[in-house]
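I have placed the structure first, in the form of structure tokens, so that the comments after it can refer back to it.
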């Protein structure tokens, strides 16, 4: 029974993805969407990949990481080197970007074994800055002035990378491995006592998360003509973090929705140059004040449609309590 | 005979925090299938002793042997896989996970499907997950928790949380089960139910149980043998009636008369 | 989508011509972007007072947050949504490079106010046809400075202190170095800093130890002001030189008039140049509007819009391709930051002046033609 | 002394107390028994101001304290020893005790009470420089009670003071509760250890899923079959 | 000699970090909030000092006090409006709010006065440079060091010896239990923010006088650096902030002295990560392992 259900939802999701893809592709081919809208779509898709990959690290595994821009930049630069310096195919560059970032994830996963909470946060922030400063000092990739990159990211590439990212992370999360990660988030000591190799899963979360951030990096660098170390500072990490938290920590669909909404808000605010950041920051503050648990809390969007068998204890989390 | 096989042997084990010898020089032997009590005043080092057994702390002296194999210095998850599982004095459930998932996590060590099979949704993933679910539900049935499978753990009433913790510990399929004050915060009536439950699972799963408890009714009622710890040292060992009348224990722990 | 129902500003007989402004109005280099913005706003007022053959200019401003990703998307928006006839911006090379391929593909001219990297207009032997710049390119100033150091200051040992996060500074520095060594001088020490740094004492201490005759600091006034001050505090009294990035009244406030004595810069114009009416008018108009002295970025922004206005006038239409063509044909156009003629790489050919700071005032020393 | 009238208390949407009323007279020990989750702790928290009732009234010495902030209620003479001790883990034993007297200004009185607490709990005296987090459970419970006494309360609310304590200490704690009561402090005691609680109480209330279902003297309750089977164990 | 000069450079840079880190660490220690807006309160403090010196013609001390006062009020307002509603929410939610507040202050300031820098007037405090065996030390850098140490001591006394300080620590461990002691939690947290923000304000004025240049985004980098300094020393520990700050300053100066100025921040972060790996709670941090 369970098995059939899982199979079914798996294929329903894939079919839904194909339909979305086809519609947008049709609009693009029919020139019904101009370049600006296409670019906005690509920005959204890249942000979704980033949000979902960080969601695995923070939302699922509970590792407070604020250096995601580090993985993004490693992916972006590695991919750019593959296409621009070595003249190899774009597809390969995405893969290499992912792998390079995953290796970095492995390395930064190691301090995570000893550090917790805010200390881990600052260490990962430091990691992001170290990556940025290193790039700044490598002349091969242009140092501070950056590196020109051809525009190769197209809608199909971006879209299917996003679908794969979501599928992999959803499938990982909804398995015993994902539950192991969640148990670390919930209570590391108990997880350990239940025989979960917490070291392994923490590092694994970093590696998988970093891999997809790296892929996003490849898409990113091939979409914006130029990459510079300056674009990958901690503010970029914060932007990604904001998607995850605003969507609801632990909710994948929440991260996706937040990434879409905030990308649109940000594009929209370009028209209000004097006040854009003031408005943006107000939006942030107000959202957090009125929905501190994020847009979806810890729930997934699907649970709003399903009644009955809810695994989230529905009404119980109306208000945070004093206890 | 199976029954008399030595399961756990603790030789001169101890641990020091800074200057404080929280546990020192303890020698404990537990045979397969026994139900043992560990009592002692507050701060005697009982929980710390559990922490030594489960690898939360590595002993600074002595040895801990499970079925003759040394456990010293192993990380907790490895010790769990070798067959020691526990509950905590202050409940440590996975609060945001459902009751069912709490138990599934504990069964994780026994699952065989790899990360790749889960990511690609290969057949082993489905068989593995199904087996886990069935097993987990079986455990929950024993504890009468199968009515709350999809409730978040944190939303359970206290008594049920305690039982869920025991169910979860059982799901790792341990040889030795350590219970740290399982009856704390329960009224006498609930305590009695718990006593029966502990006896029942011991029989059913062929378990060895070591439990810490301050409720003498429970300890004297179910334990076959009792160790008494005071100031980090074992001061007595024996059957409930021996312990009840041991002057040292009375002085340090029980007080004048026991009801 | 924002669907800012564009009125098709570039329509053939429309009364207004829409110009896009893609600048760093927030983020790391917001101060440069918003400086350019002020200059542009002043120019817009003046131009629209007279009109261009009966037409008026309208500016659509977009903030690119000092971020390349945003610059790309802003350029796309200006072109496809607002249908602009030309774009001004960005203020920095990186944010300009992020738009180059787009404007070339969409055939809309872009003029950067202060993006000095050479590959903005001409890259790997290929001209980026629709891209122009108002500022100098780097080599010229570096060469002029080096010659001045060797010939007028008789310097033999120079130290260079570079803003490593800026192409501009790196370009100036490398040309200075080449010319200075060609002149028989020696570079005693090279040190670097990054934009937004505030403490330069460590590097200056290293420089001091080498006893140079002159220090070349081709950065922007925000950091240079502090560098000059800290250098003097550490007892470094030798001449210090720099480029047009220094030109701002803030420099004097930051460094202090006294510390600034014995420093020299290359610039487009001298605000104290009483002979040049254009400069005087600009300085006065700027002061009237904003109540402060203009800086180099203000002037470059101001000139950028005038360059476009002039091209529109000659093109006689708001058609982007025609404007581009007219821009290419700009000849001896007298503006505040010099006399403009674009070379075949779309760089302005204009002369430089050398200025000395004396008690906080710029004093004209020499004029150097390219 | 304390009068609770018909209060309703909610956690978000769930109602934890449904029209609870009770009364405590000057100098009494009143005990509250009930199963896990019955709402005992909720009631204490509501009295001490940590939770606010939606409806109903709470009068302390005839004045309404309903909805007042916790710190105001402490000032009026109600001290609450919360469930789970809640001592300040990184502070020393002495500092914890001093915090108990936070609102008091009489230095001499505070000194005296400190002495008294150390007399009641010699164990705390031995550990006065130790940071409270490293105390054992029983020591922490003593500290929590000592800390509450430092406020010199007229009404002391105790939430499961014997939880997790060794038998000897349970006896000690109950002895101390009686001692405290003899000095004139009124006590509202929540206990799982119903036998013990009833043995020292003047009156008792039984609470079940948010409602008071029974009340009376210990003798009356001891003879009630309902109470016996539900709370006192089947002996 | 040159090396000693570099050490002196590093210590004066480090004392500025320390000055900002003190307020950071104190707020963190009590409220457990990484208050990213702290650097921006520092910026606001700097501007208040600037305006009161240039427009109100106040001297150094009055300007310093005014700035501290205004920042204290500003800090309390921020807490009341933005952080208080999130007191029971997750820490990470509060962190995002703090980032929002930080952006709001930065760009609110840009909106009000533009992004251009301003320069502090230089006659506020006499600046003498002492030349000791070729090492130049400015009287201002000595002043900064002395101020930081003095403020550290005052802060330490406030937190550990006064009643308010005890209340602060109690609130930091368990706010609900603190209420039961009669502590007014809201007021205590307000006081914490007031003191922390006043320190940031003081740091802002001193920074302005020492480095001259102030601008709306000036709080970002020193804010992050100060946070790093606080973590290095053991976040929440007041003397730790001091030591962390100085250490960070000295590391930066030495890295620059060896000619790797572009790697300066990178090295600082590498040192941070290494220290954390070996001492996961910073130099002075007690490794408070959760008791099981």
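Each chain gets a letter, A, B, C, D and E, in the order it is written, and its residues are counted from 1.
What we mean here is this: contacts are C-beta pairs under 8 Å (C-beta built on N, C-alpha and C of every residue); 3 or more make two chains touch, one makes a residue touch a chain.
Keep in mind it's a predicted model, so treat the numbers as computed, not measured.
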| field | Label of the chain whose CA centroid is most distant from the centroid of subunit B | value | C
| remark: With centres defined as the mean of Cα atoms, the chain at greatest distance from subunit D is chain C
| note | The distance between the C-alpha centres of subunit B and subunit C, rounded to whole Å, is 73
| query | Between subunit A and subunit B, what is the gap in Å from one C-alpha centre to the other? | reply | 40
| Gap in Å, rounded to a whole number, between the CA centres of subunit E and subunit A | 32
| remark: Residues in subunit A with touches to at least two other chains are numbered 136, 189, 274, 277, 316, 321-322
| message | Where in subunit D do residues touch two or more of the other chains? | response | 50, 134
| Overlap residues in subunit E, where contacts from two or more other chains coincide | 107, 110, 176, 262, 292
| said: Show me the residue ranges of subunit D that touch subunit E in the complex, using the header's touch definition. | reply: 48-50, 69-71, 74-75, 79-80, 82, 86-91, 95, 98-100, 102-103, 133-134, 147-148, 151
| task | Report the residues of subunit D in contact with subunit B in the complex, numbered from low to high. | result | 33, 35-37, 134-139, 160, 163-171, 192-195, 229-235
| remark: Note: in the complex, subunit A contacts subunit C through residues 34-37, 39-40, 43, 136, 143-146, 148, 151, 220, 223-228, 230-231, 266-268, 270-274, 276-277
| field | Parts of subunit E lying in touch with subunit C, wherever the complex brings them together | value | 2, 5-6, 9-10, 12-13, 107, 110, 114-119, 122, 127, 129, 131, 136, 138, 211-213, 215, 217-218, 221-222, 252-254, 256-257, 259, 261-262
| Interfacial residue positions of subunit A with respect to subunit B in the complex | 2-3, 6-7, 10, 168, 171-172, 175-180, 182-183, 185-187, 189-199, 204, 250, 298, 309-313, 316
